[in-house]
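What follows is a pair of complexes built around chain A, which joins chain B in one and chain C in the other.
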Partner chain A sequence: MITLIAITALGVFCLIAEIFNLRKALVPVTVLGLLGILGSTLNLYSLGELSSDYNTMIFADNYAKTYSSLFILLTVFLVAMSHDVYKEHQTKISDYVAIKVFLLAGAVAMVSFANLSMYFLGIETLSIALYTLAGSSRLDIKSNEAGMKYFLMGSFASGFILFGICLIYGTFGTFDLKEISEFSGALDKAIWFSIGVSLITIGMLFKIAAVPFHFWAPDVYEGSPSLVTATMSTLAKVVAFAALYKLLAAMNLFPTIQFQNIIVTVSILSMTVGNIMALRQENVKRMLAFSGISHAGFMLMTVLSIANAASNLCYYTYAYALAGMAAFAVIIAVTKNKDNENISHFNGLGRSNPLLAAVLTAALLSMAGIPIFAGFFAKFNLFTQTIQAGYLVVVIAGVINSIISVGYYFKLILAMYTKETQETTQNIPFVYYAVGVISILINLVIGMHPNVITDLLN
Partner chain B sequence: MNVSLILLILLLGALATFLSGDKFASKVALFFSLVALGCSSVLVNHFLGGVDINVNNPWILQPHVSFALKADGLSLAMVLLTVSLTPLIILTGFGNHFEKSKNFYALVLFMAFAMTGTFLAADGLLYYIFWELALIPIYFIALIWGNGDADERKKAVVKFFIYTLGGSLFMLIAFAYLYINAGSFLLEDLYKLNLTATEQTWIFFAFFLAYAIKIPIIPFHTWQAKVYQKAPTIGTMLLSGIMLKMGLYSVIRWQLPIAPLAAKMYMPTLIGLSIAGVIYGSIVALRQKDLKKLLAYSSLAHVGLIAAGCYTLTADGLSGAVSQMIAHGFVIVGLFFAAEVIFRRFGTYKIEDLGGIRPQASKFTSMFMILVLASVALPGTFNFVGEFTVLYSLSQVNIWFAIFGGTTIILGAYYMLKMFQNVMLGETNTKVFADVTINETIVFVILIAFLLFYGLYPKPIVDLVNPSITEILKTINR
Partner chain C sequence: MDNILNQIGIENYIFLSILLFCIGVFGVLYRRNAIIVFMSIEIMLNAVNLLFVAFSTYHQDPKGQVFVFFSMTVAAAEVAVGLAILVSVFRNIGSVDISNLKNLKG
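Up next, the complex of A and B:
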C-alpha cells in the first residue's frame, strides 16, 4: 500500500514542481523518488509482509510486489528518457512526467487489487493516462489519430470490462476478490458469471492486443510518439497481463476445458498473425507492435500450465519488457529528429554507433529467444511446462513462430550491419546509452540466473 | 585444474582481443589460442594419467540445470581439433587485412569458445546454449567480412541462420521432453531413460533435424555451398573445419545413445541418405566453376561418409568417423587456405581464370598437391585411416553401402585432380604468382605434418578415442 501512496504523492509533486518552477530538477528528483519506492517495495519482501489495507481494497502479496518492482523499474527508464525527449517542450514536461507517474500508480493498483472496483480504477487510471500520452504530440496528425483511435477502442474495451464486473457482482453480490474466489469455486454457478468473465476476458485481451482484438495496436504504436510507444509496448502490456492472470486465477477459470480451448486458439492465432504481419513491416515501431502481438500469444501460453503459470508469466514479462525497453531506447535515440521510424534509418548503425547497434542487436536476440539472453529461458521454461501440461501442438506452433520471428528481427540487424549509412552522425545523449545498456544487462543477468526472478514469487 | 579452464582462456582471449585494438588484435588472438592449445594438451595428459578433470556445478535450480562439463576421449579429441585448428586459422588471417580486426578476431575466439563448450557440455541445456552461441559469431563473421555481392551474401547468411536455428529449436523441444521424463538434463540421466520406441523416434528425428542441417545431410544441405562461398575464408574454415563436426559429434554423443532403438530401426534409411550425399556432393563438385564452391561440395561428400559411419552403430564405424572428422578438419582447412592463397595473388576463385601456377610457385604446388592427395584419402595420410575404417564398417552392415560409399574415393580423386590440373598446371599464367610467404608456409607445413604423421601412426588418436566409443556403444546396446 505504501508503494501506491508514495507513487501518487510523487505524481502530485511533479504537478506542484511546475508551479514552483522546478522543471530542471523534475526528472532527476522523480527518478530518485521512484528508485526509493523501488527500494522500499523490494524491502517489503525481506519483511515478508502480506498487508491488506483499506477495507480489503488492496492486497500486497508477493505477486503484486514482484510486478510492481518491474513496473517501477520500467517507469524509471521511461522518466529518465523523458528529459531529453521533451527538451523542446519545457513548459509541458511536468505534465508528461506526472502523467507517467500516475500511469504507474494505475499499474500498481492493477496488480495489487483485492476488490474489483479497485481493479477497474487501476485500469482507468492507466488507460486514460495512455490515451492522453498517445495524443500528446499535439501538432502531429498521426499522434492525434493514434490518441483518438486508442481512446475509442480502449473505452469500448473498458465498457466490456465494466459490464463484466457488473454481471459478476450480480451473480455473487460482492466485489471482493477473495469472496468471489470462494464462490466461483462452487460447481453450479449462474450463467451470468460465465458471461461476465467472458466480457472481462475480452476487454483484457483487447488491452494486451491479442488476436482478434489486436487491430488498434499497429496504428496506435506507429502514430504515438516513440516514448509513448515504448510505454505501451513494455509497461502497459505486462501490466495488462499481470492483471488478467490475477483475475482469471482468482476466478478459478484455468482448469475448465472451454477456457483452455479459448486460450489455445487465441495464443496460436496471436503468435501466427503477429509474426506473419511483422515480416512485411518497414516501420520499426509497427514491426515491434506486431512482434508484441506475437509475444502476447506466447505469454498467453503460460496460462496453460497451471502449476507454474505465475512464475513463467512473470519471467517472460521481465524478459520481454527489459528487451523491449532496451530496443526502444535505441529506437528513440536513432529516430529522434526523423519524420518516421523506417528501417532505413538504422542502416549502417553498426559502423556509426557500435554500442547502440550492439544493444539493439542484443535486445532483438533476446526477443527472438537466442541463448544466453533472458528471452531464451522465458521461451524454454514456457515450452517445457506447456509440453508437460500436454499441449504439444501449441508448443510446435510456438517453435515455428520463433523461427519466423527471426526473419524480421534479423531484418533490422542486417540493416545495421550490412547497409551503408547516408546520414550524418548525431550526438546521442548519455541517457539513451544508460537505459539501453542497463536494461540489457539486467536482461542478461536474469538470463544467466533465472531463479532470481522465479524465486521472487515463492 | 579442470576443463573449464580452456573455456575460460578462450573467453578471456575473446575479451582481450576485443580490447586490444585493431593493430594487435590478430597477435593477441593467436597468443590466446596457443595458450588454450597448451592448456588442452596438459589437460589431455592429466586425463590420460587418470586425473578427474570433469566439472559439475549446479547452475539453475528450477528447471534443474547444471554447469556440467565432461571430458572423455571423444570430447577431448574434438576439443584438441578445435584448439589446434584455431591458432592455424588465425595465422592464415595474417596475410589479410580485415577492417575492425579486433571485432573480427574476438568473434573468432568467441566462436572457438562456444564450439569447445559444445564438445564438452554434459548437460543438455548447457550443450544447447553453447550450440546456439556458436551460431552468432559465424553469422556476423560471414555477414560483415564476407566477400561478393552484399545482397546475395545477406540472403545466403540469413538462410543459413534460419535453417540452423529452426533445426535446433526442434532439438530444444526434444530436450524439454527428455527433461520432463528424466527430471534432469545431465547426460548420464538422459542415458538412463527408458523411452518407448515411438518416443525415441520423435526424439531421434527432432535431433536429426538439428544435426542434418548442421552437418549437412541431404536434403538439408542447400544453405551450405553459398555460405562457404560468401563467407571470408577464415569463416569458411571455421564452418567446415570445426563447426560441422559439432553436428557429427552430437550424433555420437547425444542422438544415438539417447534414442538407440530409433537409430537401429532407421539405420538403412539414414545410411542411405548419408551416402546419397556422398554421391550427390561428388557429382555436383565435378561441375563447379568456383574453387570455393567445389571445395564446399567435396566437403559435403566427405561428411556424408562420416555421417554414414556414425549411423552404422559399430565400433569401427564410430571410431573411423571420429578419425575422419579430425582428418577432414585438417585437410579442408588446408584446401580452403590454398584457395585463399591463390585469391590473394589473383583475386579470383574462378577456376577458368586460373592455371599455370606451378612453374611460378613450386613450393606452393607441392604442398597443395599433398593436401589434394590427402583429401582423396591416399594411403599414408590420416584421411585414409578414417575413410578406410568407415568403409570397412559399412561393408559389415551391407556390402552395397560400402560400394556406393567407396565412390567418394574414385569420384573424389577425379574432381580433385581435375581441379588441381586446371588450377595449377598448364602453360605459365600471364599474371605473376609469388610463392608462399613464411606465414603461409608454416600453416601448410603444420597441417601436412599432422596429416602424414597420424596417417602413418594413428595409434595415439585411436587410443584416446576408442575407450569412450566403447562406452557409448555399451549405452547404445543397453
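Up next, the complex of A and C:
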C-alpha cells in the first residue's frame, strides 16, 4: 500500500513540477523517486506483513511485491528514455511523465488487489493512461488511428470485464477476493458464476492480445509512438497476465477440465497465428506485436502446470519484459527521426553502431529462446514442467513455434550484420545505451541465477 | 424494495441487463459513426450498472451500489479521453466515421 501511495504522490509531484518550472529536473527526480520506491518495495515487505489490510482492499503478498518491482523497474527505463524522446515537446513533458507514473499506479493496484473494485479501478487507470499515450502524437494520423482503435477495443473489453465482475458479485454478494475464493470452492454455484468468470477471462484475453482477440494489437503497436509501444508490449502485457493469473487462481478454476481445454486451445492458437503472421512483416514494431501475441501463448501455457504456475509465469514475464525493453530501446534510438520502422533502417547497424546492434541481437535471441539468456531458461522450465503435467501436445506446438520464431528474429539480425547501409551515422544519446545494456544485463543475471526471482516470490 | 424484487424476480433484471448489454455490443460491432459507438459502449456499462443495483437489493448489501459510483466515474473518465481522441481524429481527417481509419494494415 505504501508503494501505491508513494507512486501516486510522485505522479502528483510531476504535475506540480510543471507549475514551478522544474521541467529540466523532472526526469532525473522522477527516476530517483521511482528507484527509491523500488528499494522500499523490496525492503518493506521483507520486514513482515506491514500492510496487508486497508479494509481488505489491498493484499500485498510476495506475488504483488515481485511484480510491482518489475513494473517499477520498467517504468524507470521508460521515464529515463522519455527525456530524449519528448525533447521537442518540452512544454508537455511533465504531462507525459505524470501519465506514465499514474499508469504504474494502476499496474501496482492490479497485482496487489484483494477486492474486485480495486482490480477494476487498477485496470481502468492503466487503460485510460494508455489510450491517452497511444494517441499522444496529436498531429500524426497514424497515432490518432492507433489511439482510437485502442480506445474502442479497450473500453469494449472493459465492458465485458465489468459485466463479469457484476455476475460474480451477484452470485456471492461480495467483492472480497478471499471470500470469493472460499465460496467458489463449493460445488453448487449459480450458473452466473461461470458466465461471469468467462466474461472476465474474455476481457483479459483482449487486454493481453491472445489469439481470438488479438486483431487490434498489430495496428495499435504500429501506430503508437515507439515509446508507448514499448510500454504496451512490456508493461501492459505483463500486468494483464499477472492480474489474470491472480484472479483465476483465486476463483479455483485451474483444476477444472473445461478451463484447461480452453487454455490449451488459446495457447496453441496464439503461438501459431502470432508466429506465422510475424514471418511476413516488414515493420519492426508490427513484427514485435505479433511476436508478443505468440509470447502470450507461451505465458498462458504456464497455467497448465498448476504447482509451479506462479513462479514459471513470473520468470517468463521477467525474461520477456526485459528483453522487450532492451529491443525497444534500440528501436527507438535507431528509428527516432524516421517516418516508419522498416527493417531496412537496421541495415548495417552491426558496423555503424556495434553496441546497439549487440544489444538488439541479445534481446532478440532471448525472445527466441537461445541459451545463456533468460528467455531460454524460461522456456526450458516451462516445457519441462508442462510435460510433467501431461500436456505433451502443447509442448510440441511450443517447440515447433520456437523454431519458427527464430526465422523472423534472424531476419532482423541478418539485416544488421550482412547488409550495407546508405544512411549516415547519427549521434545517439547515452540513455538508450544505458537502458539497453542494463536490461540485457539483468536478463543475463536472472538467466544464470533463476532463484533470484523464485526467492522473491517465496 | 424487497417486496418489489420478489414480485418481479431477479431473473428478469438479469435478462433485461443482458438484453441492453447485447444492444450495446451490436452497436459497437455494426455502427460506423464514432459517436454512436461511444454511446453503445455507454449502454453496455449502464446495463451493468443496472444489474449491480438489482443485485445489491437482492443481497441486501450496499457494496454493489457503491461500486456503481466507481464504474460511473470510470465511464466518465473513459469517454472524456475517447472524445479527446475523436477530436484529434476529426481535425486530421475531417470525419467521425471509423471506417475511414485504414492507414494501418499488413
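Heads up, the rule we're going with is that the second predicted complex is superposed on the first by the 455 of 458 C-alpha atoms of A that agree within 3 Å, B and C clash if a C-alpha of one lies under 4 Å from a C-alpha of the other, contacts with A are read in each partner's own complex, and residues count from 1 in each chain.
FYI, a residue touches a chain if its C-beta (ideal position, glycine included) is under 8 Å from a C-beta of that chain, and two chains touch if they have at least 3 such contacts.
These numbers come from a predicted model, not from an experiment.
Colleague: Thinking of the overlay built on chain A, is A:F383 touched by chain B (first), by chain C (second), by both, or by neither?
Modeller: Touch status of A:F383: first partner only.
Colleague: With both complexes superposed on chain A, which partner does A:T454 reach: first (chain B), second (chain C), both or neither?
Modeller: first
Colleague: In the overlaid three-chain picture, which partner chain does A:L414 touch, first (chain B) or second (chain C), both, or neither?
Modeller: A:L414 contacts chain B only, not chain C.
Colleague: Touching A:P371 in the superposition: chain B (first), chain C (second), both, neither?
Modeller: In the superposed model, A:P371 contacts chain B only, not chain C.
Colleague: In the overlay, answer first, second, both or neither for which of chain B and chain C A:V399 touches.
Modeller: It touches chain B, and chain C stays clear.
Colleague: Would you mind checking which one, chain B or chain C, touches more residues on chain A?
Modeller: Between chain B and chain C, C touches the greater number of residues in chain A.
Colleague: Once the shared chain is lined up, is A:D219 touching chain B (first), chain C (second), both, or neither of them?
Modeller: It touches chain C, and chain B stays clear.
Colleague: Report for A:K149: first if it touches chain B alone, second if chain C alone, otherwise both or neither.
Modeller: second
Colleague: For the complex, give me every residue of chain B touching chain A.
Modeller: Touch list, chain B to chain A: 60-63, 125, 128-129, 132-133, 135-136, 140, 143-144, 150, 153-154, 158, 161-162, 165-166, 169-170, 172-173, 176-177, 179-180.
Colleague: Give the list of chain A residues in touch with chain B in this complex.
Modeller: Per the stated touch rule, the residues are 350, 365, 370-372, 376, 380-381, 383-384, 387-388, 395-396, 399, 402-403, 406-407, 410, 414, 417-419, 449-451, 454.
Colleague: Using the touch definition up top, name the residues of chain A that touch chain C in the complex.
Modeller: Within the complex, chain A contacts chain C at residues 117, 120-121, 124, 127-128, 131-132, 135, 138-139, 141-142, 144-149, 151-152, 155-156, 158-159, 162-163, 165-167, 169-170, 173-175, 192, 218-219, 222-223, 281-283, 286.
Colleague: Sort out for me which residues of chain C touch chain A in the complex.
Modeller: Residues in contact with chain A: 10, 14, 21, 24-25, 28, 34, 37, 41, 44-45, 47-48, 51-52, 55, 58-59, 61, 63-64, 66-67, 70-71, 74, 77-78, 81-82, 84-86, 88-89, 92-93, 98, 101, 103-106.
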